[in-house]
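Here chain A shows up in two complexes: once beside chain B, once beside chain C.
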Partner chain A sequence: MWQTAIATLVRNQRANRRAYPWTFTLGHIIDGAYLVLISFFSYVYLIQGDVDSQFAVYTGSNDYLTYVIIGGLLNIFSISMMMNISRALITEWREGTLEALLLSPSNRSGYFVGNAIQQLYRSGLELLVVLSFGLLAGLRLPFPHLWSVIVGGLIYLLSCYAMALVLGSIMLFTRDTYIVQNTLFAVTALLCGFQFPRQYLPEMLQHAGEIFPLTHSLQLLRGALLTGDVIRLMDILPIVLLSTVYIAVGLWSNRLVERRLFERF
Partner chain B sequence: MISRGFWLTVRAEVSKQHQNRTKGRAVFFSLLLWPALTFLTSYYTMLPYRTGAGSVLSRVIPDGRVPLFLLSGYLVFQLFWTVVQAAWLFELERKGGTLEMVFLSPASKMAFLYGRSLYSLFHGIWMFAVFSGLTFVFVADISTINWLALLPALLLIMVSAIIWGAALCAISLFSRDSGLLYYIFQAPMELFGGVRIPPAVFPAWATGLSLLFPLTYSLILVRGALNNHIGSSWWWSLSILILGNIALIAATRYILIRAEKHARVKGNWTLF
Partner chain C sequence: MIKLNEVSKIYETKHRQGWFHSEKRSVSAVKSLSMTIASGEIVGLLGLNGAGKTTTIRMLSTLLEPTSGSIEVDGVSMATNRQVIQQKVNMIAGGERMLYWRLTGRENLQYFGKLYGLKRSQIEREAEALLREVGLTDAADQPVEQYSKGMKQRLQIARGLINDPMYLFLDEPTLGLDAPIARQLRSTVRKLALEKGKGILLTSHYLQEVEELCDRVYVLNQGELLLCDTPERIVQQVAGTQTAHLDVTGWSEQLRPLLAEQLAAREYPAALVSADSVGINTLRSDEPYRISVQTPSADRLITELLPWTTLHGLHITGFASEKPNLEDAIILLSEGKKS
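Moving on to the complex of A and B:
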């Protein structure tokens, strides 16, 4: 598996450097900066810090600005990660290399992991740029529980990866990236609670949000960063289970779609 | 003043676009579902702000009018955004090789750009307009609406959007990578145009930026008419918008001529 992962990583790295303009990266940075800026403008100019008392009850913190900026950062990061992992196979198809990939004996999990790791540094770069905007705008992190932040970060990555696999198979099935990805991101922005505590949503939508592993991993990671919450094993267990289900479904449906892919046309 | 040939080209371009772009599925998502979801997300993002008597928010947006404020914001934003999308899709015309056909034909190129923009607007807006219309009925207090101001304002805004879209199309004649338009205009236009935050509360530098977008003036017109606050700033926006439109038409013409010259010098056999 690791051989395939490393080979994919190196290849993607080269392809990205040589053949692709950085429009997506630039776009994500602009989107991230926008999310930070609009939070800042809303808080400082529109409401001048006048936040509802219920907010602190829901989040355990009074620091609205840090709360939304972390949400904005993680939103951009998850979009960037999910988009690039899920688009891997359909990009192969568009470039004409999918057949070669399917014929080779390479390990499929290795392929996706390689994609994810290669993507990590690009998303990380975007995250750093947007983070610096966030720090300028007033992001203040209290001293967090380091171990919890690491665990939270890993779990967050895992849920992005799991969702991306399922998303990728839908893309490959419909042969469309634009509609599928943007619909998912519009839905996660509403349901996962990146910009506001989910308790403000109607109960039905709160429950609907639970189907994404991203929802709870976001809350864990933001809790660890914002209020220094300690993450326990029992907290991460449901997310790991849900992510495993997603990964299993994703791998299975990818195989199913791949098999029919060349027969349909 | 405008010749018969102009309208003929506009009609031809509209019908060409119609045959080209009637893809039901894509339209439903990008023109109804996404704007509706974004509107809901923005609404819930504003819920943690304190409202009610004495709150800072109620000084800027009257109490209980947040949904109406956001909805009018997104509706007008969507008007301008659909034409930006049309400019963004303009590169397909180059890739398909149809652009040089249009350029070789005796059709008026201005008419070509305006026809394109006109079609995108109506094709792009009707679903979200219906959605907004229905939501207005549920959330808005119809008694305060100044219809006499609202209807002409909406008409003017639609004309402005068409002119703005044609200008962007003309700009994208210079480059193959019009994907950049998408990134420059979506987020900044939403923020500085005042879709979610009224520009009145902005600091000076941001107000300066917001004055660049016709969206800003359009929103002042629509919100003024909805709340029946028609003061001097409303009349100012109206005149700036009209003058801006005239200037933008002239600019489109100028850019078009420059772009054609540029293509003659820098273009190859297939023009671009």
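Moving on to the complex of A and C:
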């Protein structure tokens, strides 16, 4: 698996270095910076720091600005991760390289992991730069629990990866990227609680959001960052299980779709 | 050896009828096909568009699963050992697909080598040797998007050989290539079979290429195997004999029944196709006439007819023979004119 993963990582890195200029990364950073600025101006000038009392009850913190900046950045990060992992195979199909890839006995998990690591490297760098804008705009992390932040970060990555595999299968089956990905991203933006506590949503929608591993891992990671919550084994176990189900479904459905890819007459 | 045993492929298609209804239809792309490809042999797969050639190649290269029947590669069943077979086979398609354009030629080979589980040192060695073999050493570190069509096709061949497959499937490998590059590619293909013992399956719309390269040819029509033989025997069986043309002077219409009698006596029954004037309609005896005769051997015919023409005062002023080729045979077969 790792040979395919490293080869795919190197291949993507080389291709991206040639195909995408540094302004592409700058564009992503500017997007993130806008998000920070919008959050800042909304908080300072629109709601003038006046946050509903229920907010502290739901989140364990009064710091709306930090809450919303972290949520927004993690949303951009998850979209970037999921989009690039899920689009890997359909991009190969569109560029005419999928046949050559499927002819080889390479490990498909390795292929996706390679794509994920390469994307993590890119998105991670962009996230760090935007995070520094956030610190300038008032993002404060007074008591982060470092170990929990690391574990939460890894679990968050796992959730993105797991959801991307299922999304990728749907894309390959429908041969569409735009409608499929944007539908999912609109739903996750609403239900996962990136910009506001999920408790504000109607109960039915709160339950609907729970089918995404991203919802739970976001909650854990933000808790570790914002209020220094300690992540315990029992907290991550359900997310790992849910992600494993997503990964299994993603790989299985992907294999089915791959087998039927050339069936269309 | 590759063995296909009664392999069939049915595609299930859906045809939308209005917003909420769709009708399922089955299209039989390959019907009970049995064939073999031995090591060191170049086998052709021919047929008009929609004959089932690409489906067969895709089944052989593990991209498609047969609906029924079995495929074995060196005794290993494809149904249960897909990954083992993927190490033994590879496919090269015509056109500009199957390469990463943003990578260099060398990087492409390195990536595909890794996908086949080769070690780094082995990949470096193989890539260097293959790039040399296909004449791309100087362009090895250029991105593929800067390659010409011919260079991309040559890199495709290197890609198809990176795992040192025992069997290679070539789907229209010379599509759109200039004549010198196509010739070079044919020579590479011949070398792969003769010197390296690789079993090769070739589909091509350039039938001259198939005639030149293939030891045996399978002819498919609408998914069914019509014929399997050497190209020469297919031509002979299907398109029949040569047509010999004799241009003579001194011809008169009274000679026609005599010539027919002569040909029949020499076992060319009903072989006289025509005896027409070559020039403008004149009936002068010094006007050249063309006698066209279907014969298994044009050379033999002229030797046999020479005494007869001399006897009847005819002078042979010209001689030509027309050989049918594989293209004639395939068209006849596909049209169902001959069985």
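Basically, the second predicted complex is superposed on the first by the 253 of 265 C-alpha atoms of A that agree within 3 Å, B and C clash if a C-alpha of one lies under 4 Å from a C-alpha of the other, contacts with A are read in each partner's own complex, and residues count from 1 in each chain.
Definition applied: contacts are C-beta pairs under 8 Å (C-beta built on N, C-alpha and C of every residue); 3 or more make two chains touch, one makes a residue touch a chain.
All of these numbers come straight from a predicted model, not from anything done at the bench.
Student: Have a look at where A:G60 lands relative to chain B and chain C in the superposition and call it first, second, both or neither.
Tutor: After superposing on A, A:G60 lies clear of both chain B and chain C.
Student: Pick one for A:I179: touches chain B only (first), chain C only (second), both, or neither.
Tutor: Only chain B is touched by A:I179; chain C is not.
Student: Which of the two partners, first being chain B and second being chain C, lies in contact with A:G138: first, second, both, or neither?
Tutor: Once the two structures are laid over each other on A, A:G138 reaches no partner at all.
Student: Touching A:S106 in the superposition: chain B (first), chain C (second), both, neither?
Tutor: Touch partner of A:S106: chain C, not chain B.
Student: With both structures fitted on chain A, tell me whether chain B or chain C touches more of chain A's residues.
Tutor: On the superposition, B touches more of the residues of chain A.
Student: Look at A:Q48 in the shared chain and tell me whether it touches chain B only, chain C only, both, or neither; answer first, second, both or neither.
Tutor: Touch status of A:Q48: first partner only.
Student: Scan A:R11 for contacts with chain B and chain C and give back first, second, both or neither.
Tutor: Only chain C; A:R11 stays clear of chain B.
Student: Touching A:G96 in the superposition: chain B (first), chain C (second), both, neither?
Tutor: The answer is second: A:G96 touches chain C but not chain B.
Student: Which holds for A:F262: it touches chain B only (first), chain C only (second), both, or neither?
Tutor: A:F262 contacts chain C only, not chain B.
Student: Which chain A residues are contacted by chain C in one complex and by chain B in the other?
Tutor: none
Student: Looking at the complex, which residues from chain A come into contact with chain B?
Tutor: 21, 23, 26-27, 30-31, 34, 37-38, 41-42, 45-55, 64, 68, 178-179, 182-183, 186-187, 189-190, 195-197, 200-201
Student: Which residues of chain B touch chain A in the complex?
Tutor: 25-26, 29-30, 33-34, 37-38, 40-41, 44-51, 55-57, 60, 177, 179-180, 182-184, 187-188, 190-191, 196-198, 201-203, 206
Student: Please give the residue numbers of chain C that touch chain A in the complex, ascending.
Tutor: Those residues of chain C that touch chain A are 11-13, 27, 29, 58, 61-65, 82-84, 86-87, 89-91, 93, 95-103, 107, 110-112, 114-117, 143, 159, 163.
Student: Okay, in this complex, where on chain A does chain C touch?
Tutor: For chain A paired with chain C, touching residues are 3-4, 6-8, 10-11, 14-15, 18-19, 95-97, 99-106, 259, 261-265.
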